[in-house]
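Letters A, B and C mark the chains as written, and numbering starts fresh at 1 in each.
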């Protein structure tokens, strides 16, 4: 069995951000040299998500609006967490809605995706540098 | 380390469909011959979910209603994605709510489930043939 | 390849309960002796979740309120599942919202976490003894 670990670094410019990281994930899989295995792609922050979705502009706009409808950023008093002086109470809930991680199959040295599957990093408390963990095991 | 890959094919007859795929997953595990490992079961479509839930008719009806309350199909103008001419904007959000994949432990050659755990495929833009990826690694 | 399996037993005293299980998960990883691998932490019940979040009191209170707003416990007649005589129809939906499982990378014999990542068990139909499955594969 072989294993491989890599951290991706992403710059988020806005509070809410969705970044397509499919290429970086595919590059990590190639770099690992692993032919058959499982690849974990996980947000290292508790206010962010890694998920698989459609790379369509309208769909990303829908997600942006929808997560804020389900767990609004404002008023800040909505969330107990903000009483600690933070303003990211909503971001913890948005992340639960969208999940933390994806597990991707590796087959014949490549990410084993369906036609429209693209990997995204979703950030709900951004405006700075963020990390994604890629861990692969296999052979 | 050994690995095993299989695609399940499912016919969905309605737009929203929940299909119990526990038996197919258990058959794939048996077919793999793997005794100890991890089994990824993932929807290959971005408008569908694989998840583990209760095989109880009322509970499935609740899920059907609930996902549509959280991300309604209509009016179609609710979602930007539909401006591209599609009608499945809601399906992308329903899928995020329900998740893409499950990871199942394999112990002594069998799916290591709690008493009520059953694997389901949830489709939110159905009426045709759909695929589920089963990838197993272990020994 | 090596594998390791352990069941954690948790006592839940209230219907809704969030229990920090980070230490138990870290102990299981140490006990396994596995240095590089993947660790599945999964609720064995269909009305509970394992997830990774922030160990902050306010944030846990927000989750408690939020899951009940998204899928209310009462009135019990809201959910078809309750017609079977149960009162946990909401718990099945809360669990879908929060997910079933987390997959944790193991690097150099330890859980490979970001700074604020803590593992929680979320119970939505508690007041008795519950189980969490920890399954590790690696080397």
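Note that in this section a residue touches a chain if its C-beta (ideal position, glycine included) is under 8 Å from a C-beta of that chain, and two chains touch if they have at least 3 such contacts.
Quick caveat: nothing in here was measured; it's all calculated off a predicted structure.
Student: Fitting the CA atoms of subunit B to subunit C, what rotation angle results, rounded to the nearest 5 degrees?
Tutor: Rounded to the nearest 5 degrees, it is 120.
Student: If more than half of the interface residue numbers appear on both sides, call it same; otherwise different. Which is it for subunit A and subunit C?
Tutor: different
Student: Indicate the whole-number Å distance between the mean C-alpha point of subunit A and the mean C-alpha point of subunit C.
Tutor: About 20 Å, centre to centre.
Student: At least two partner chains per residue is the criterion; list those residues in subunit C.
Tutor: 1, 38, 70, 97, 99, 103, 137 - these are the residues of subunit C that touch more than one other chain.
Student: Subunit B touches which residues of subunit C in the complex?
Tutor: Of all residues in subunit C, those touching subunit B are 1, 3, 5, 38, 40, 42-46, 70-71, 79-84, 89, 92-93, 95-97, 99-101, 103, 131, 133, 135, 137.
Student: Give every residue of subunit C touching subunit A within the complex, in rising order.
Tutor: For this pair, the touching residues of subunit C are 1, 36-38, 51-54, 56-59, 61-63, 66, 70, 97-99, 102-103, 105, 107, 112-117, 137-139.
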